[in-house]
């Protein structure tokens, strides 16, 4: 095996599937151009030509319907949005059309469409370039929603998504693109709907979403030094959810913190909390705690951004709070800053 | 403008008559029986406009992928002639096009080239563009056709879709069933362009206007437009003036709404009803009245039989609710 | 006082505010035409003229931006969507623009915009005319979201919404339009963010959303005959939420059922459950139970619709289940069917 | 086409020069100091294109409600000349246009007629139409102006907005800063129409093309277009060809991206840079070199002073995070 980063994992999954299956194609604004969506489509236009890797007008609504039409008539499109904020223009097609084409035809039509959406904090991006909106899509029956955290998960889940006969929305946190780890070279599938315990522990379960798993790991390292053992569960697929994995973990630890990189109110953390509370009734030693964005539009200035976005510190303090520990002084700890690129193992 | 440049062969005239008659009589059946409350789905009737879909779908001789709006009946029947699955869907039976899950607004017989009709204005339009792309890549030889109302041209996605089809050099046939109204709002109260075709032209489609009200004109036009679209690798936009005889949704008339005048509509449209005109043409082709009556009778019987089969078909059992949310391999 | 129905309450609130304040106007597809959005705008064009009550092209995206522009430059628009499903075309403006215009200007601009969206079951409407999507909007900071149940609440809250300097999305269940009750004639405000106990009880709290309060009342009547006392809490405003009212009720009863007319997964019921579980930790006698749509697109055929939509029976059985009671035979009970118009007091 | 039909008065020439210079030098300051990492917000630079916003805003003499895209600097400065609040926002200070919450993509000085710029392509366009409606109803005498790139015309909402403005007879001034690219994708790879103006015309706007690259031409054109728009109660669409000198986002150049040729851009645009041309014009108006230098110096000093004030202004305290989500009465 060799190391591959998350962007490379997407690129490799896409390339391998395009090689294997001539029906697969990838398109979207900026997809074949110089910037190649954080490098995730680099080399693909040269290799597969303009008919299988192409740019589009800034017409997200039509280009989503386009993907649907191509999918139901035999192709397997991958549509890329460089920001989930722009995918909002695709919601009419995604919610009113893509999600129910199979159902309304009595199960006759399949919709093998992958929609990729980049999320995550940037450099003072402000209110229109900072959303995640997981729950706006997990709410909709007929859509699968994934948010892989590690490069190896990404590769296997992207391949599974491309091979899936149903629409899959894939959320990619931009800070993860630089994460590296050993990733198998051959194509493989990680089934959608199966979560993963990223780190076993016994005192508290942190259910992390996307980038927040990286923060959770950092938090767990810090807490380990104080003898607190954190279990990190990455659902990976948000819909359909591997509820059992999460519930069993929380039953074991008796405590749960949900760390999301989205707003808390009506976020996916609400769904997780509702289910955990229902299924772990009587087994919880403390109320489930949700962590996420402040319930405000994203500000631009760094000092308010730092308040807006949760991170490892937020998790550490939440765990301390839950366990009744003193708040530690974290001054000596090394927290992630996006000014230096992320290179962690997951 | 009318496109019926030379008389069509007798067989075509008959085919068009039958297809028109099938759509008309199927809807007449609905009008008559809707009050029984067994077809429990909102009905957006095609009556009066059938000639648009019949003309276009007949010209394509089956090799079409049709996308339609909630005003779906004529498009569905013109393309499939499948009254069995049509009525089964309206009656909400497992034998319907969507095993009862779709209803009138979501008719779907993809195996017969009627993909799926859609209830949100203009949503079906970009889907047709993507289907055309797939048809080209997979060399199926099929033509993507999308039907929509004049109201759909209010929507930005309509313009995005024409541009995309032209940009990708796809022979999509965009057919506007221009009945002049979105519910009771006339086009002039919604769109500033004098002629929709003129507005569409710069977006890269060949445009055609038809105000003949005649199925043979539309048929001829569609033949020409489809051939040119494939030849030149360009989309075509067909704006066909037509008239909805009934209310926007439902089986009644709407003369009392005050937005259009019954006498005018009758004079300008109903008096030259496409079905009536087409029936008269048969005589010119030396088809006797009794031969016509026999055709009509055959179609009526087919409808009766379909309705009977539909009403006797099973209703979906509750466990079907959760089936088919995701695609299940056969 | 005289009786007024819910549609009339909307009409009266709109009319009175338009009389009081010449900046108020109402617009949207079909608003001034014959059908007048279930009668809610009847008479308004005649009274106020075409400049203050007008139709629009089927251009929901642009017409939402239009409302925003009018609002920030001094008018007070009311934009109406005859189905929330069509409002999906407005999401880009609502989420990317309307919700953060005040914040991104450092609080300088106010956005007094009301957006009305009709929801609710019809006559075999199918997947594209049946949504509610509450949580897709309660998720977004900067938007207020209301869903009044009773005519008198509707009148007071609509007036409050029109007078509010912030964007308010008002969800109106179409079966409620025919509900009648005593409604004061003069204008009055019911403050947004304040919930209401629709029926006091002591054994179990039902938090009802919109139409589901009607079903809850029916369920409560049935259960009362068996000695079960149900408390019904109507949040009325979903964002900002009157959390305290709900939490206090659940603390009293120890049991909670959330009855929503939307999908359960990532629905507003998830947010309610998450908060209730957090704030009532240790005080619950049973897990919070969520009721809502089946997690499928809406089918058309009546027999599947009946499975898809929850109703009073669903609530009765949930309460029985929670209290460990035998399931009652409900054959003699009179359930609501939309084929006969609803005329209840709320 | 150029619209500078007759020489403008000296005072106007000077005004345009100053406004251009202000925008250019403000951005030059950004280029020079961005690496200090104190302006932590993505920068979509106007450099090269400033003459479009300067020409239009100057023609409106303040009585405008301006809506702009993320490429906001020139629009903001041309309308407000307020370098204080401009730099304060870029530095993320409480004295900024959005007390640091907006950043470069969301500049807002509604009291000075720059309403709010927006980072999602085309989103600002319909807002300008609604503002024009309010301006008419409230008889403010203000004109709604919206700036956007050629990429925005890919979006359906652009066409919906032109149609709506024309339908409601609103004198909205739609200004396309047509630099020929959306990031690195040329217009031909996105739009089929040969001329955007030709496509817009049927939607009911008066259309104007300007490829002069000259601020005085744009100024004259805007004067004419605004007057006609008010007189005829119609929107105007101004397509002004221009060139972005720097990369799409950021302060560098992008010659290495391969989508455009440096030598060609220099020959066709940079050599006839609007600011340079305008400076040369001053001489024709008998403004001496030392007088010009004095003007330039004054502006440079103002920029320096603004930057200084900005960098000394307070950074928002954490409690401001939750302030202003909803409007708070003063």
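By letter and in written order, the chains are A, B, C and D; residue numbering begins at 1 in each of them.
Everything that follows uses one rule, which is that contacts are C-beta pairs under 8 Å (C-beta built on N, C-alpha and C of every residue); 3 or more make two chains touch, one makes a residue touch a chain.
What you are looking at is a predicted structure, and each value in this text was computed from that prediction instead of being measured.
K.L.:
What chain is the most remote from chain A, judged by the mean position of CA atoms in each chain?
P.N.:
Of all the other chains, the one whose centre lies farthest from chain A is B.
K.L.:
Which of the two pairs, A-D or C-D, is linked by more C-beta contacts?
P.N.:
C-D
K.L.:
If you average the CA atoms of chain A and of chain D, how far apart do the two points sit, in angstrom?
P.N.:
Those two chain centres are 37 Å apart.
K.L.:
Report the inter-centroid distance (CA atoms only) between chain A and chain C in whole Å.
P.N.:
Spacing between the chain centres: roughly 31 Å.
K.L.:
How many angstrom lie between the CA centroids of chain C and chain D, rounded to a whole number?
P.N.:
Computed from C-alpha means, the inter-chain centre distance equals 42 Å.
K.L.:
Suppose each chain is reduced to the average of its Cα coordinates; what separation in Å results between chain B and chain D?
P.N.:
So the centre of chain B lies 47 Å away from the centre of chain D.
K.L.:
What parts of chain C, by residue number, touch at least two of the other chains?
P.N.:
Correct list: 56-57, 59, 61-62, 85, 89, 92, 96, 103-104, 126-128, 141-142, 295-297, 299.
K.L.:
Can you list the residues of chain B that touch 2 or more other chains?
P.N.:
98, 100-102, 106, 118, 120, 123, 154-157, 160, 163, 167, 189-191, 325
K.L.:
Could you please specify the touching residues of chain B with respect to chain A in the complex?
P.N.:
Against chain A, chain B makes touches at 65, 67, 96-102, 106, 108, 110-111, 115-116, 118, 120, 123-135, 137-138, 140, 144, 156-157, 160-161, 163-164, 167, 323-329.
K.L.:
Where on chain D is chain B touching in the complex?
P.N.:
Residues 154-160, 163, 166-167, 189-195, 198-199, 202-204 of chain D touch chain B in their complex.
K.L.:
Using the touch definition from the top, list the residues of chain C that touch chain A in their complex.
P.N.:
Per the touch definition, chain C meets chain A at residues 85, 88-89, 91-92, 95-96, 99-100, 103-104, 126-128, 131, 133, 135-136, 138-142, 239, 263, 265-271, 273-274, 277-279, 281, 284, 286-290, 295-297, 299.
K.L.:
For chain A, which residues are in contact with chain B within the complex?
P.N.:
23, 25, 51, 56-57, 59, 61-75, 77, 92-93, 96-97, 101-111, 141-142, 144, 165-166
K.L.:
Considering only the defined contacts, which chain A positions touch chain D in the complex?
P.N.:
Where chain A meets chain D, its residues are 29-30, 33-35, 55-59, 61-62, 85-86, 88-89, 122-129, 294-297, 299-304, 307-308, 339.
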